[in-house]
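Order as written gives the chain letters A, B and C; numbering starts at 1 within each chain.
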Amino acid sequence: MKLQRQGLLVAGVAAGALALSACGSDNTTTPSGGGGTSSNAAGITCADGQLSAVGSSAQKTAYTAWIAEYEKACGGASINYDPQGSGNGRTQFVQKQVPLAGSDSALKEQQKTDADTRCAPGKAVDLPTVLTPIAIVYNLQGVDKLTLTPTLIGKIFDNKITKWNDPAIVAANSGVTLPDKSITSIHRSSDSGTTDNLTKFLAAQDPAAWPYEPAPAWPAKGGQGASNSAAMVQGVKGADGAIGYVDNPDAVKNTLEAAAIDTGSGAVEINKDSVGKAIAKAELTDNAGDLVFKIKYDLKEPGAYPAILATYQITCTQGLPAEQAKLVKSFLAYQISDAGQAKLPEIGYVPLPVELQSKVKSSIDSLSGA
Amino acid sequence: MTTLERPAPTAPPRATLSGQKLPLYALPLLVVGVVVVTLLLFALTGFAGAAGFVVVTGLLYTAAQTALSFWVEGRRQAVDRLCTTLVYLAFLLAVLPLVLITWYTVRQGIGVLSREFLTTSMFRVDPEQPGGGIYHAIVGTLIQSLLATAIAAPLGILAAIYLVEYGGRRPFARAVSFFVDVMTGVPSIVAGLFVFTTWILILGFQKSGFAGSLALFILMLPIVIRSTEEMLKLVPADLREASYALGVPKWRTILKIVLPTALAGIVTGVMLGVARIAGETAPLLLLVGLNQKVEYNPFAGRIDQNPQASLPTLIYEQFGIAVGNTEAPAFQRAWGAALVLIIIIGLLNATARLIARFARVRG
Amino acid sequence: MSDQPTPGTSTTPDVPGGSDVSGAAVRPGDRVFRGISFAAGATVLVTMAAIAAFLIYKSIPALRANTVNFLTFQQWFPDKQPSMFGIGALLYFTLVTSLLAMVMAVPVAIGIALYITYYAPRRASQSLGYFVDLLAAVPSIVYGLWGFAFLARNMTGLTLWLDKWFGWTVIFNYQPTNEPNNLSPFTAGVVLAIMILPIISSISREVFRQVPRDQVEAALALGATRWEMIRTAVLPFGRAGVTSASILGVGRALGETLAVTLVLSSVYEVNLHVTESGGVTFASNIALKYGEAGEIGTGALIASGLCLFIITLAVNFTAGLIIRRQRVA
């Protein structure tokens, strides 16, 4: 009797398992481009296989768009991007966990040496493919145009200026009535490349207003902490009088108001030109295909928006397993192509200037895709 | 209220086993009275807020009821009524967050549930657009949780058996018991880091569903051991004695008598463990990562194969994509997945209890 | 008491199973089974030893590089030059949130367990128990999001009320002038309490259910009210089990990562006012910093994990002393 019961039980569980496995699957519609190495309408040279990349969350929106396009065109490819953070990306790349990492800062010193060892017989290269402006977002009822100087931004986020109608802010915003409200400044509690680059910008523009060393970890005391971009967005949206900072794509997604930055020659908003002007002044070091920007954060040129970050795709010139190398090269080639770069503006990023694009293209072409 | 009678004092007063009881209509009348008083109080002092009103009413009612009962029925009855009210209150305090959270999750997530949502994956689906499903994550979570349970449950139950039946006061057993408690305090992210360093970096395996299961196993084990231990201790000694008296060897007694008697409680403990790990995010992010395709093999590595997905990591990923935009399809998807996860754990729970009832030793 | 010595057993009188009734040689089946269960118990020790070794080994380089007092320094900048990090704030907030969670959860959990076993209608108790256990089915990320998006937003009334009437207790004092956002240790404590409630209550429930019927009936027969019966027959019987369950709950609260990370607005400064926003625990610190941590940074985070490990040891040791005193008494 007991055996019968037990048998029934086992049969039931097995049936359930079978039913479960039969009842769902991947989306089976085949894309128009087909698999293999065929080309297609977008001009992508496809490759097959599975690719996992880890890295900066600043470029995750770009990757989501790129992956969607690439997979649509190339049926045999499956790409995953895990936005665990630039530091994580670089570490896991060096540990051979992933063949491609996204990082808001290039490989440096010891890590560069370790990465080169990882890529033997080739080297590790940093390839910038996307520029992300940092938006200073705010929520202030009745004010839809706000201009802030880097000094003001530094003092606000350092909690030295605590009211919206502080004379310094009023002086920068002629014609705008600012309410008598306290400022709630929100920062990222989790370390991030965005914080790193923003603090670099603030420290370079006015070290008196921002006396801290730039780092991915927020250095100032006070203010409210947000555990990630989503919490930052909700924090700013949810409090009248709040101010924070996000990657521009996140601001665009949520239609948040971003302040214009005045570095001394008038208010500058985020757009392709202002960011283009800033990146044009950046120093590009080309080290046998390894392309690293030194962004001029203290730039005070009229019409330029220097609060930006460049995200690098870190990979090996050689030393990756053949199938992976092919897929990485093909995917990066798509990123830097006109089609790939054209996808960026509508989601809030800025494509690379044309001269830089060709430099990166030739670097990617020299990756051993075999 | 004026119809209460007090017994006419006789001399000498004798202790009786029965006393006056509050008439049945007293309590409802009391409730009405308290509500009126609270309304007056709020009107006078300008307090506001529904929550505040409920709290004040509750407090006043408890105080009034206790006082009234004390006056009419005596101290012991008053204390009894007070404790009854407190216990009911405790239960309501548990139901309240459950209702709030469930309602919130259902409200956010019910819109996206559909047949497509439950049976397709996110492979080649643009997460910024509506569409796609979480089937790959459901498969991953079920398999990873079952794998972790398959290791943790037998190991945990055996360890608990050791502690209760063989170990007793011995130093080894005391050490094991102590460290089981310490194990519950290991944060999930530390368990993840530990497995990452040993399984992946040192032993050289790849990130996979199985690596995630290992971390989940560490989190689940102490819960299983501790609750099984408590259940085994509650099995009356005379059951065991009767079995020994019949000449049954100890190991058979444990397997055939003690375990089945404690089975319902043990199943509860295992289910608590499963519930704990099925929703764990941090170690899975570290050890498995994100994936969009369906994969039934938990050993599929991340580097050269397609690894598994899981519901908690999918929820985390979709919230990340939505970045606080409550209209985004990714936001809806995340809440839909959260709702599905809760339902799955609830179903697993119910199934396990049914099985336990099935296999129980009667009498 | 179920672990009293039973007549007829020989060498280990405190083991309910006894060792061998007849005193004859232990049978091979017994030996094998005993060996297997011993090995299972040993697995726990081996795993814990491995985790401890891992924690110690990885933290030493970072601790050496640290230039300030690890125990009292409140900020966390391990990757700066010079490296400066300390667990002052982490220790405070971890203990405060877990303590708040315990204070709120344990009485309620006992109340629920009593309700289900002795107050609710017999037939309903099964489904009521299942209902409460559903709280355990909610994943921690949902708790975190609910706490952040719903609870914190609706706690303002409570925060101000506590400040008004209980501000004199210092901990409920609320000083900032702007609207509270309630991403505070108090809110985190409430969320943690809800999370650990099902663990404590379901084990307590099983324990209360197993009180010998004759003791319950004896109390009632002597004319005890229901509460007196519970007080004299049920609670003493269940004390050890409930304490055990509470320790499981504390462990969970100490180590909870994601929910606390999402609810607490991280601020690395010890603050006695628990309703003011800000705070960071060991686990949430690791979650926040892990993504960008360098070599020293990762080592520092693991050092904080080691501290949590030691704290859990201390908490359990103290609790063990309490239980032992209860068993003797």
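Rule of thumb we're sticking to: a residue touches a chain if its C-beta (ideal position, glycine included) is under 8 Å from a C-beta of that chain, and two chains touch if they have at least 3 such contacts.
Note that this is a predicted model, so its numbers are computed, not measured.
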Far-end chain from subunit C, centres as C-alpha averages: A
A-C or B-C - the one linked by more C-beta pairs in contact: B-C
Subunit A-subunit C separation of Cα centroids, rounded to whole Å: 38
Subunit B and subunit C, separation of their C-alpha mean positions in angstrom: 13
Multi-chain contact residues (two or more partners), subunit C: 287, 290
Numbers and ranges of subunit B residues touching at least 2 other chains: 319
Touching two or more other chains - residue numbers and ranges from subunit A: 84, 231, 234
Subunit B partner contacts - residues on subunit C that touch it in the complex: 2-4, 6, 8, 12, 14-18, 20-21, 27, 29-30, 32-34, 36-45, 47-48, 50-51, 54-55, 58, 107-112, 114-116, 119-120, 128, 130-143, 145-146, 150, 157-158, 161, 194, 197-199, 201-203, 206-207, 210, 212, 223, 225-228, 230, 241, 244-245, 247-248, 250-252, 254-258, 282-283, 286-287, 290, 302, 305, 308-309, 311-313, 315-317, 319-320
Footprint of subunit B on subunit A - complex, ascending: 5, 9, 20-21, 23-27, 31, 50, 52, 54, 57, 60-61, 64-65, 68, 71-72, 78, 80-84, 95-98, 228-234, 237, 246, 250, 253-254, 321
Touch list for subunit B against partner subunit A, complex: 118-121, 123-128, 132-133, 135-136, 138-139, 142, 200-201, 206-207, 285, 289-294, 296, 302-307, 319-325, 328, 355, 358-359
Of all residues in subunit C, those that touch subunit A in their complex: 76-77, 79-80, 148-149, 153, 177-179, 181, 183, 261-262, 264-267, 269, 277-278, 280, 284, 287-294, 297
Complex contacts: residues of subunit B adjacent to subunit C: 17, 49, 51-52, 76-77, 79-80, 82-84, 86-91, 93-95, 97-98, 100-102, 104-105, 154-156, 158-159, 161-170, 172-173, 175-176, 178-191, 193-194, 197-198, 218, 221-223, 225-227, 229-231, 233-238, 240-241, 244-245, 249-254, 258, 264-265, 268-269, 271-272, 275-276, 278-282, 311-312, 315-316, 319, 338, 341-342, 345-346, 349-350, 353
